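Scrolling down, you'll hit the structures one after another.
Two complexes, one shared chain (chain A), two partners (chain B, chain C).
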Partner chain A sequence: MSRKHTSVETRYMEEREQTLRGLEGLSRRGFLKVSAAAAAGAATLVGGMSRHSFLPVRIAGAQPGDKGFRFAYISDSHLYEEKVNDRFVRGLLRAVDDVNRMDPQPDFVLYGGDLAQLGQASELQLGQQILKTLKAPLKMMVGEHDWFLDLGDKWRELFGPELYSFDHKGVHFVTLMSVVEKDFWTERKLTPMERMKTVAGLDNGAQRSFEVGEAGRKWLADDLAKVPKSTPLVVFSHSPLYKLYKKWNFWTDDAEPVQALLKPFQRVTVIHGHTHQILTNRIGNIHFHGMLSTAWPWPYAPEGLPELTIQMDRPDPFNPSDGCGDGSFDVHPDGLVDSIYRLWNRNPVSVKASYVATGKTDRPPTNSRRGY
Partner chain B sequence: MRTRLLFACVCAMTFACNQKERAEKREPAPGSAPAAGGATEVKLCDNHTTVALTELPKDRGGGQAVADQLMAQWRQQHPDQEWETAVRRSWTIKPPADNASVIAGGQREGQTYGRYTQLDVTTWARESERAAMEGARVFHDGDELGSTIAVSCDMCHPDAANTHPETYPKFQVQMGRVALLRDMINWCLEHPVRAKPMAADDPRMRAMEAYILAQRAGTALAYGKH
Partner chain C sequence: MRRTLPISILALGACSIGNAQPAPQDLHGAAPFQDQLLRLEPLIKGFDPAIGPPWVDPVIWKASIPKDNEPTAARIALGRKLYFDPRLSKDGTVACATCHDTTRAFTDLRPTSEGIGGQVGRRNSPTTMNAALLASQFWDGRADRLEDQAKLPITNPIEMGFPDGAAAVAAIAGDAEYIQMFKAAYNRDPNYDDIGRAIASFERVLIFLDAPFDAFLRGDAKAISEEAKRGWVLYNGKGRCNSCHPLNPANPIGSDGRFHNVGVSARHHDFLDLANKALAVLAKSGSEATLDVLAVGSDTSELGRFLVSRLESDIGGFRTPLIRNAGITAPYMHDGSMQTLWDVMDHYNRGGEANPYLDGGIEPLALSEQEIADLVAFTFTLTDRRFADANATAFAKQRDQAKAKRPFREDDLANRRRMPFAATPAGSKP
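Then we have the complex of A and B:
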């Protein structure tokens, strides 16, 4: 439909969306400027623009600086086939809509792993079909739910190799496969589905810890050998690349040797799925950001939570999809990364690189209704 | 109700050991009958599982072999009987309170209520824990919960986290009344799990309450807390 036929309501909603998105990346100082601009705009309204229009508050600076860029993410959709469970499918569709409405479009979209719930071909294919409707290019990462039915056969067939890297606007991106588990199934004679269901239980102790593994670390070392140490580095891994809480595999068993490979780089950001919550950490110069899920939020681990993490309010069980969402990352020209959590039923939360680096500046708002 | 593996095992072993004595006294043993062709049929205490012997065991080792044979057969016919082992392997159940102190002071004279033995204490712990274990099994099993969308409780509440059973009863404005833990469980069953609500005395509901409360052992009660 051409623009001139867009209804007043649609136009209003589009502008509102655009403005709210713009506000996500804004500091208090920036907000004051915007407010001033809005007042000025309102005072100088010209014909054709509604008095209720959001346009006067279109914001400069909502995008990272001149050479910076933004990429979006969707993660942890845990799809069953639609006839089994339509709710999780709706979650992913909603996230795809969110990302497709971003204006300007992100440079690419990261899928953070756990596309399927039980790694079945039908689930992965459904996910692939939905993700094909994204306008921006897609970068896939594998999660344990995609993997442990056939140990990655179907996933590789649909999405390609699980370990890969690429360069984008001066930043080196690496995608890892960090959910390798040592064999616990052969001895117990588990069927592939029994193995899958064991891994699919977060609190199921009948499995092993996640790791990048020797082959993965070797691949990473070889890949990074070609990259100058001054190049900003962004690493995607499904599990957090540190040790938070072993019992739920909020954990990577070989985190130390992997971190040792990343440490020589001056600016490193690790972006991970699996934890379904706002999660922030810094170890040395390595910044860590968790991603939200489109299916359900996890509670915070009972111990080991990084000091930098400002917990999101505990999800409201009476509010469907509360605590879920998607988000994006702003990569600054210097290679540092801000994480924007777009929670579906709440205000968006920005966790900026300046906060992660200092623990003080740009501190996100503290919440009062924590899980307990 | 599940037959108990341990009980069956002890039965079979006791039976096998007694067999020798009875064979010597030439008494027909309960549960054994002369089968056709001179063989003796030995039954497990479930009264179904049998093994035919042409020769009765002469010593303890022989008796044990017969018991093992019966148990192997029984295990094969009852694959679910390993459920406790499976639950323990997969899920952490906090241990129930230790009641060793009630027998530490010795037996009290003149009243039956104070006369506990180690068997009492062991039974209390085992049965309490078993209730929680059964709850863990239900909690983690979408089919058992009756979910129509393959969702189970642990998908939002690993290790029953964020269920805070100590805060009930409390007024839930969304329900318009004071909710007990079981009301909240039923709310979750109907909404995120999309299953039918359970009756308050449904064995699955009782088991889940046991598991959820067991996981919060040691937490102070705080009814009404939000």
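Then we have the complex of A and C:
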């Protein structure tokens, strides 16, 4: 039996109808009661405010800063030169301002990749110049937009090697280069800029899929060989280290072999950029968190969305930075990681390790834009 | 000096309010109420609240009126008497008309308003003109309707100072005329909720939407200047005004009814410290009265909508004010910190004031001096024709003020030679 196809419009109208019918039964008094209850709920939740967010950051007993720690992130700024497009420049400036206001300052700041839009030296340098104003130490990760004009020459010159690891307060951190693509350009005789623009596009069948690649996997295996399996592991990768939606390269082609390398570790968190949205997944014991972009929010992919993901609201078209933002990660003493999405002009959303692990407790709010 | 009020001026419907009101000793700068009443009469002549103003869709008008408070002549007359009655304040010196003065565009033309004992609050008095058409009341929307709004200033310690509604009722309940008027209006003895209802009914008469701009929209090409016509194009285009001030037949007042942080108070305050202070107070008591005190009486006023919703996304957000009659209601913004519409344009032109909660729609506009002048000229065409003289005077005054002083003008920011969040060294306090 074939399932009857329902168009997006029909579904929308059905939902709308349902909502309106629901509202009919709600008298004004009833509505006020509901609002009052919501307000009371909010009041109990918001116990105190950290400088970073007014989130109900009352993670009783496990407040990072006691024993755990916090690092911030900024990601996917896609800078053009100012004279071409300054909106994205302002986005990055705003994120730096946000992070610099955090009190206490985060232990370090992860930059999640795609600093530049077309990998040009001027774009990367502009980004570097802005990121230099961060007060906390900076950890850089490369994205495909930084890479495919000169295959990493300028980026490496400015920021160092793209594959590296470090240890911080008992946690082993690994930064991967997950946006390697097999050569599709030589045969087609593409110029560097044509290659760059091919990779930068969505739904472009000419390019290949992202992968960590054989060399990257080898490096990762060697790096992890030195680390005890009980050590908490946090992996940074630009693309999600799983297969979500191939046409947009929300995808890592060798995800399975990479996951196999991570699997033996008891606590693993993968933090990725590229998808510009709240994105939550768990595969076995591996937790995955997507990061927000400072430039634009992507819509959710039409298929492949992980079940754990609670979608953020559609951005408000009147507010050009809605759906964008920055955020931070709270690393608990046990090595588990909460993701705090600091959406500009919305309430922060916290996706906790306890939610990712169970799919039930600490479920994030479905509507993150209650302020509207 | 005491004047007798001519009965004919005061009569609307059957009830006369006579000369029962004592003249307050201290007017707090307001025009004498007798003068205000004289000014009011021709302004509201011929308005039938049952039908609604000709410029508002009758369906919308009807929907905006609570079912238990259909405007009747008796209710409007009672509301008008209350609006001008200083006995509704603890020391008998402040009435609604003190800060919503009918000779001053139904506001007080001050940065922030003065209440009993010469106390000055933190919020700019919004005009009561067209307030009936707002989606919510007060700058932070802490009241849904006029009926609720009207009751709060009476018990605010800075404004009218009664400890509670009952005390306010007691102050007028002995007045035989009131007893009779409440009976006629609501078929009850004087009570606090009906005070709110009656004042709301009177405010529903104060609809002023007949401006040169409307004549222009109806096809009279000569109704507004060429400058203003260019301003209208900018309003909907480069100036981005219509993002928050949609102005169309469905929304004749030009407010989206939403709350936006445009950074006005980011110049003076650290939002995070304030928010924590406010939360500490609200944790002890979250009552309407506490909220009202926080909103009017202290620095926490700058938190705006956050005080009501306690949502981080609302910090520093204030409801978009209506844009109608803006030319004659200076100074501007929730704290009255801008003297002229040039200042307002300068503020938006530079992209507001950078702060962590700045609304994403606020960005540098790169408006030229001519474009700013066009937008100001356009805004002055939104003043109701019944205030044409005041409008001309205000325009000339503001033009002169702007020639002398443009404190918010910042060309480097406006033209994006300097970026908003880079303007102050990152991480420094705003």
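Brief remarks follow.
By definition in this document, the second predicted complex is superposed on the first by the 302 of 372 C-alpha atoms of A that agree within 3 Å, B and C clash if a C-alpha of one lies under 4 Å from a C-alpha of the other, contacts with A are read in each partner's own complex, and residues count from 1 in each chain.
Criterion: contacts are C-beta pairs under 8 Å (C-beta built on N, C-alpha and C of every residue); 3 or more make two chains touch, one makes a residue touch a chain.
Note that the structure is a prediction, hence the values are computed from the model and not measured.
In the superposition on chain A, contact of A:R314 is made with chain B only, not with chain C. By the document's definition of touching, of the two partners only chain C reaches A:D322; chain B does not. When both complexes are overlaid on chain A, the residue A:T198 reaches chain B alone and has no touch with chain C. The larger set of touched chain A residues comes from C, when the choice is between chain B and chain C. Of the two partner chains, chain C is the only one touched by A:L93; chain B is not.
Once the two complexes are laid over each other on the shared chain, residue contacts for A:R101 go to chain C alone; chain B is not touched.
When both complexes are overlaid on chain A, the residue A:N347 reaches chain C alone and has no touch with chain B. By the touch criterion defined above, A:N85 lies against chain B but remains apart from chain C after alignment on the C-alpha atoms of chain A.
In the superposition on chain A, the residues of chain A contacted by chain B and by chain C overlap at 86-87, 318, 320, 371-372.
Against chain A, in their complex, chain B makes its touches with residues 89-92, 140, 149-151, 154-159, 161-162, 164, 172, 174, 184, 187-188, 191-192.
Those residues of chain A whose C-beta lies close enough to touch chain C in the complex are 39-40, 42-43, 46, 48-49, 51, 53-55, 82, 86-87, 89-90, 93-94, 96-98, 100-101, 130, 133-135, 318-322, 324, 344-348, 369-372.
Considering their complex, residues 243-244, 258-259, 261, 272, 275-276, 279, 282-283, 286, 305, 309-315, 317, 354, 356-361, 363, 416, 419-422, 425-427 of chain C touch chain A.
Interface residues of chain A, counted against chain B in their complex, comprise 80, 84-87, 117, 198, 201-206, 247-248, 296-299, 302, 314-315, 317-318, 320, 371-372.
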